[in-house]
Structures are given as structure tokens and as C-alpha cells.
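By letter and in written order, the chains are A, B and C; residue numbering begins at 1 in each of them.
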Amino acid sequence: MATLELNNIVKDFAGTQVIKGVDLEVKDREFVVFVGPSGCGKSTLLRMIAGLESVSSGDILIDGQRMNEVGPAERGLSMVFQSYALYPHMTVEDNMGFSLRLAKVPKAERREKVLEAARILQLENLLERKPKALSGGQRQRVAIGRAIVRNPSIFLFDEPLSNLDAALRVQMRIELARLHEELDATMIYVTHDQIEAMTMADKIVVLQGGIVEQVGSPMELYHHPRNRFVAGFIGSPKMNFIDVEVRDARSEGVSVRLPGGGEYAVPVDASGCQTGDILSLGIRPEHLVLDDAGPLEGEITVIERLGGVTSLYVQCHDEEWILVTDGEVAHRVRDSVRFGFVPTRAHLFAEDGLALSHLERHPLVDVERRQNRASTAADAS
Amino acid sequence: MHSSITKKLAITLLAWAIALVVFFPIFWMILTGFKTEGEAVATPPSLFFEPTLSGYHEVMARADYVKFAINSVVVSLGSTLLALLIAVPAAYSMAFLPTPRTRGTLLWMLSTKMLPPVGVLMPIYLLFRDLGLLDSLSGLIVIYMLMNLPIVVWMLYTFFKDVPKDILEAGRMDGAGTLQEVLYLLVPLTLPGIASTGLLSVILSWNEAFWSLNLTTSSAAPLTAFIASFSSPEGLFWAKLSAASTMAIAPILILGWMTQKQMVRGLTFGAVK
Amino acid sequence: MRSFLLQAPAVSLLLLWMLVPLCMTLWFSFQRYNLLNPMISGFAGVDNYTYLLTDPALWTAMGNTLLLVGWVLAITVVGGTLLAVLFQQEFFGRGIARLLVIAPFFIMPTVSALIWKNMMMHPVNGVLAWLFNLFGFQAVDWFSSLPLTSIIIIVSWEWLPFALLILLTAIQSLDDDQVEAARMDGAGPIAIFWFITLPHLKRAISVVIMIEMIFLLTIFAEIFVTTSGGPGLASTNLAYLIYIRALLDFDVGGASAGGVIAIVLANIVAIFLIRTVARHLET
């Protein structure tokens, strides 16, 4: 059992607030990812949970116990650092066993625990090596092993994969997810990489400027972003935004006027919305489809062919749109194309940036992460 | 190709000529140490002679030479250990718990090095006289420790700053308190740096020749003072002087050669790396 | 708070080490105080200073101090820079030659002074006298006829290796790309030295100058062992003058006044040094 609760956490650094009141609840065995642009406070928040930074105000509760004044080693957490922070003068075995040595665990028991962790991470053959003699991926595993040995209630990860090359990152991502299932522990993971966030998280916390913008499952964030920032941050390439005028606001949705004259009804909650209001319309590039009967028309300025998919940059009424289409598109630069979108996939944002909520929830929003894996989907059903 | 070899030869010749000229006085002294007193003062200087250890024997036979040497060892090691003991916590806090005042404190420490010893000779002399520290080893240890403390703090600070903060934080997550952090992580990680800092402090103490000449007379006098006693006109025993000097400089010369890189850092307060 | 406690021993010791003697020196410098004659006592006002400042010995000593510092600086900095460039080149046995050339810096000053006094510069039995005779010149009695010059030679020999050591280290941090780019632009060896190497060494040279100044202003052992400041006052510098006043004449007041002057001089240099170091200190 390990739950974490943050109540109105604030952090002041020399007069400036870097964390401006964060509330969060992490359930037992949940995999929570903090994501946000650099400088958003995600690492600071993690370090406050770890006990490496003091809390200016608010409470940190682990399993219901207030932990603000408790030292980092007594919180029952372990942390994997971005730089791995292995002790360069110790062997892999000593690195992993250091916490037990400090806790005066007898040597035999220590060795047993280290071997167990080494087995999980396939490090058995490297126990006598020094960190210098390891590859990046191996160091990464030692750092994780050091965390496992302490048998913590909560694992903290600070951008652990950012120093690995792309191929290794994919592999470690899957391995971490496997580890989460095997250890059945609560994990909190900080990253700026939204693919890591989307693939590993049960729950994503999007931070910006020391404020939580949205908390939710990956699919919830993708399909129902709470505001324009989250909509733009999750998804790649970025969501297209254009200003539109409200023609009609009814209970079935809001009708807006598109540039070029077409009118489109978006099925969102229309309360608080009036004819003549200017809203921001957001559509993801992958939700725009080439359609000779589509309501929008523009000229292609750039084509990026990735093989499987192709990105088209289209100039349309002073706005540049990005479309992601399939790889077989034969258009050339300067071609004129027509395109459109399915109304349920469109988002509307009010002037303050908040999304008008969709009338229907997307069917995949409540799919749990473990249902995406053959190894665990069976138990879940 | 040909011209580059010629150029290299020319540079070799020039550089070696200069190196030999600069080193010559030391070489000559070492050589003189193996001569008899007669050969030592011979004109023209004798380059070929039968080496003898009589100079060394005579110096060693003087019981007080050993005493001076022991004084030098005790004073330089004692002051260095004391300085390290006081400097490690200070440098630790400056490197890992910096406050807005840290920079100012470091520069102020440097400024204490600027106080010329002659400027405070009188009060130190009188204080030592009143405290009974004149001609005492403990007095000299304290003076040398204070003299080297700023350099030691600075050097340790620059070495500690090279240790990634993450590693110490990982140690704290693993349950290490401040003392364990220093003993199990910081000291092993920076041992080469701490050693070269210590060596520099030993070298500076060993060679110090203002306080040792003014604050000691006999019982606590280190080798610098002993060698200086050869300056009196009646003490013109060159072979013995050379033998004694060679023994006095040999350990330090070797230490100096070993630590020259770190020495630059320490002596320039990290401004030249 | 923790940081304060950890620094407290070092800071408080240095504070004592600086303040107590400094205040005492200042206090004594306004006192009539002679160790040989306890009858002389009381407040002297600025008498010690007026006596000192009107004493021609002070001005001789000041002049000697400046000559000594100036010449040694000129010799070591210019020589050190040129040698640094030379010893940076690839040549046979470079490692050993480098060790030999920096050796004098590690020799204790009393030994250096005695080597030169007895074995090098001795008017009858010295190596230099022998060399002079060999080439048909009159041997020079260095310490009687050229006392200050002799001291300058000895001190330069001790400090040239220091300048070389620092500048050689600094030169090694010069980016090879920069030199190659200059060569591509058509710069010859002299142009490279002048426009690339020298500007790169600027900071190191300024550090060398200031550190040497601090030590050279208070040169003591070399004079003590060789000339004892003589003949007359010909090789007496400020440090040696204070020593004479203090421990030979037992004039605490006068020596302290001299000490204050030395401190003021050193501080003028120190301010510049600390500024230079501070500019390059990232905390």
C-alpha cells in the first residue's frame, strides 16, 4: 500500500514562486507521469516529494502520514536520477547495496537482496564492474536496481531515459512498464517527452508555470483537453488553432463560421456562449482529412514525407494548417487541396483558454493502461 | 618533412640548454654534497672527483640535524592535517550548501592571504612571547595552518564543486547523513584532489622561511632555519651545507614535481586551470 | 544554518588571525614601546610615523623594494611567457626538461640563497667567478659591489619557474582550432603569438603578476641569508627594515608603523588581485 497526496503545495525560490499550489492524489500502484515544458516545475515537484527540496507551504502525505519534515531516506521512497548519479568509486554491487549498508543490514541479507534486483534487471554478470565500465543502458539499469533494492513504497524517476539514444529509450520504456507490473509499486515519473507520458502513464499530470493544467488518463488528455495549453502540448504535430465566430449556440452544440464561409456545428456544451463570440477552433493534424468536398481550401507550401505518413503544410486564409495524411498522397507543393474534419473531433476554446466540454465522452477514455498489454489484459477482464 | 625535423632538433637544443642552465645551481649543489670540503672550494671547480658520503655522514652525525628534520616534518604535517580538518567542512558547505554570502566569504578568505607577514610580525611575536609559544612546534603549526587555510579551502572548494550534486543527493536518498555523505562519498570521490591540496600545503609549510626564522631559535627550528645558520661566515662548510640542503629539498622537490598541475590551480585560486 | 556551522571554525580562525594582529599593529604604531627600555612608554601620536617617514632609511628601503619587485616581475613575466611558448613545442625529452626548469620554485628560499651565495656568486670559489676568469674577465664580488642586482638574480631564478609553470598550464588550454584557424588565415608564428597566444594568456599573466607582487613585496629570507641588507642599506627592502627595527632594535612602535605601511602597500595590490579572481569565480 502506498498512496501519495499533495495538498496545496507551494515552493518559493528566493522570492519567486516556482510551484503555485499543487493538489494531487496518487493511488496505490498507479503510474503517474509529470509532464510539461522545461521550467514548468515538474522536477522541483518531484524533488519536494523526495525530500530533497523543502516545501514552502502545503502538505505532503504518504499513506496518510504528513512527511514535510521527514528526511529523504525515511520517507520510504527511492529515486532514479536523470544523470543516474551512480557512485563512481563503488562496484555495481556496492552501488546497489549502499542504502542497505547504511541501514546496517547484515552482509548476507544485503547480498541476497542485491542479487534479486540484479536478476530482475539482468545485471548478474556486471556486479563486479565499476560504473565507468558500463554502457549507458547498463548504468540506467543499475540506477533502477539501486532503487529496487530499498524496496520502496514509491519509486520516483527524474527524466531517467533522456540520456539514452532513441532505440534504447524505446526498449527501456517497455522494460520500465514491465517492471511496474512485476513490482506492483507506485511510480511517479517526470519527463518532457510526451510519448513516454502517453505510453507509460495511468495518469498524466500536465504542469506549466508551477500550476497543474490537467490531470487525467492519456486518452482523456488527448481527446478531452481541459484547455488550449494541454491541447497544444499533447499530440504531435501540434493541434491547429484558428479563430472562429459563433453563429449559433444551441443545446446540441455550437455552430461556428469557418474561414472561407462554411458553417460547422461542433457538439460541445454551449452554455455561456453567444452568437458573435470569437472562439478558438482546434483540430489535430491527424483529424484533418483531404476531401474534395471539404469546407476548407488552401495551397500546399511544404510536404514532409515520412513513408508511412505524410505531413502537409497548407496555407489557408492567412493561417498555416498542418495535415497528417497517409503516405500515399501524391500531391505536390503549390497544389491546391480541399480538406475537412469530423465535427466530434474538433475542439472549441473560449477566450480564457478553457475548452467547451464535449457533449459525448470518447469511448477510449476509460480504457486502463493494463488493458493494452497481453501480459496483464487477461487478469483485468 | 626534413625542415620539420631540423626545427624540432633546434627547439630541443634550445629548450634543453635553458633547462640545464636553470637547473645547474641545483645540480651543482647536489654534486658538491658528494665532495670533500677541499674539493668543494677548489678553483677551478672540480667536475671529476671521487664521490664521498662524508658530507652526509657528518651532517647526520650532528644530532641536531635529525632534530631539525623532525621539526620540519612535524610542523608541515601537523599544520596540513589541522588545515584539512578545518577546511573540509567549510569547503563542503560552500560547494554544496551555497548561500548568497558564499562568494563573499571565499574572496574574504583570499584577502587574508594578502596581509604581509612583516606587517603583523610585531604583534605575533609579542603574543607568542606572552603565550610562551616562541620557539615551540605548536606555535609554528598554528601559524602555518592559518597561513595555508585560505589556499586549502579554495582548492578543496574547486575540487568539491566538480562532484555532481546528484551523487550526494542519491546518497541522501539512500539514507546517508552529512557525516556519512562526507566519509563514504565525498572523500573517496575527491581523494586525489584532497591529497594534492595536502601536498601543496606541506610544500608551502616546509619551505616557509619568514616565521620560522623569526619565531624559532633552536628547539623548534625547522630545516629552513637550520640551513640559514650556514650563512654565518664561520660556517663555510660547503660540502656539508650541500649535503644538508640536498636532503632538505629532495622530498619537497619530488612532491612538487608530482603535484605541479594541481599546484597551479591552488596557487592561482582556480583562476588558471 | 548548517552551512554557517560548518564554516564557523575556518571563518572565525581567519577572522582572529586577521583582526587581532592588525589591530595590535595599528595600536603599537601609535605607542612609544621599546622592548629594551620599558621606561619609554605612552601614547606617541603620529611620532612613529613622522620619525619613520622622515628617516632616509625608509625611502631607501622603499626604493629598493620597488626596484626588486619591478625587475623581478619584468624578468619573470617576459621570460616566463617566452619559455612557456618554447616548452609548449614538441621536442625530445620535453617532460624531463620541463621538470628540470620548474625545479627552482620548489627549493626552500634559504637553500636557494645559500647555493647562489656560496657556490655560484662567491668572488673566489664561485662558478661564476671561474667562468669570468676563463673568458678573461675580472671576477665580480657580487654581494659587495652589486648587492641588489644579486638579490634580483636570485629571486628571479626562484620565481621564473613559477611564471613558467602557470603560463605553460594556461597555454595548454588554448584551443588548437583557434591556432589552426589563424594559420588558415595566413598568420605566421609571430602573428599567432601576438594575436592569439598573448591575448589568451592575458588573464594568467595578470594573475602571475599579482601573486608574485604579494610575495615579492615581502622578500625576506634571501636577504637575511646573503647580504643582511647591506652593505649599508644597499639591499634592504621594507620587510628587512621592519625586521631590523623590530628584532634587532626592539623598537616595537617604529616597526609597527613600518608594518602598517607594508600592509597599506600590499592592500593596494590585493584589491586588484581579488577583483581579477572575483571576475572569474562562478559560484
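In this text, contacts are C-beta pairs under 8 Å (C-beta built on N, C-alpha and C of every residue); 3 or more make two chains touch, one makes a residue touch a chain.
Since the model is a prediction, treat every value here as computed from it, not as a measurement.
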Touch-based graph of the chains, sorted into line, ring, star, complete or other: line
Furthest chain, CA centroid comparison against chain A: C
Closest chain to the centre of mass proxy, which here is the mean CA position: B
Geometric centre distance via CA averages, chain B-chain A, whole Å: 57
Where chain A and chain C are represented by their mean Cα positions, the distance between them in whole Å: 63
Inter-chain centre distance, chain B versus chain C - centres from mean C-alpha coordinates, in Å: 17
Multi-partner residues of chain A (at least 2 other chains): none
Sites on chain B touched by chain A in the complex: 164, 166-167, 169-176, 180, 184-185, 188-189
Residue ranges of chain A in contact with chain B within the complex: 50-52, 71-74, 77-79, 81-89, 98-99, 102-103, 146, 150
In the complex with chain C, residue positions of chain B that touch it: 8, 11-12, 14-16, 18-20, 22-23, 25-26, 28-29, 32, 41-45, 86-87, 89-90, 92-94, 97-99, 102-103, 105-107, 109-127, 146, 149-150, 153, 178, 203, 206-207, 209-210, 213-214, 223-225, 227-228, 230-231, 236, 238, 241-242, 245, 248-249, 252-253, 255-257, 260-261, 263-264, 267-273
Interface residues, chain C side, partner chain B - complex: 2-4, 6-7, 9-11, 13-14, 17-18, 20-22, 24-25, 28, 83, 86-87, 89-94, 97-120, 124-125, 127, 129-130, 134, 157, 160-162, 165-166, 169-170, 173, 203-204, 207-208, 211, 214, 217-218, 220-221, 224-226, 238-239, 242-243, 246-247, 252, 255-256, 258-260, 262-263, 265-267, 269-270, 273-274, 276-278, 280-281, 283
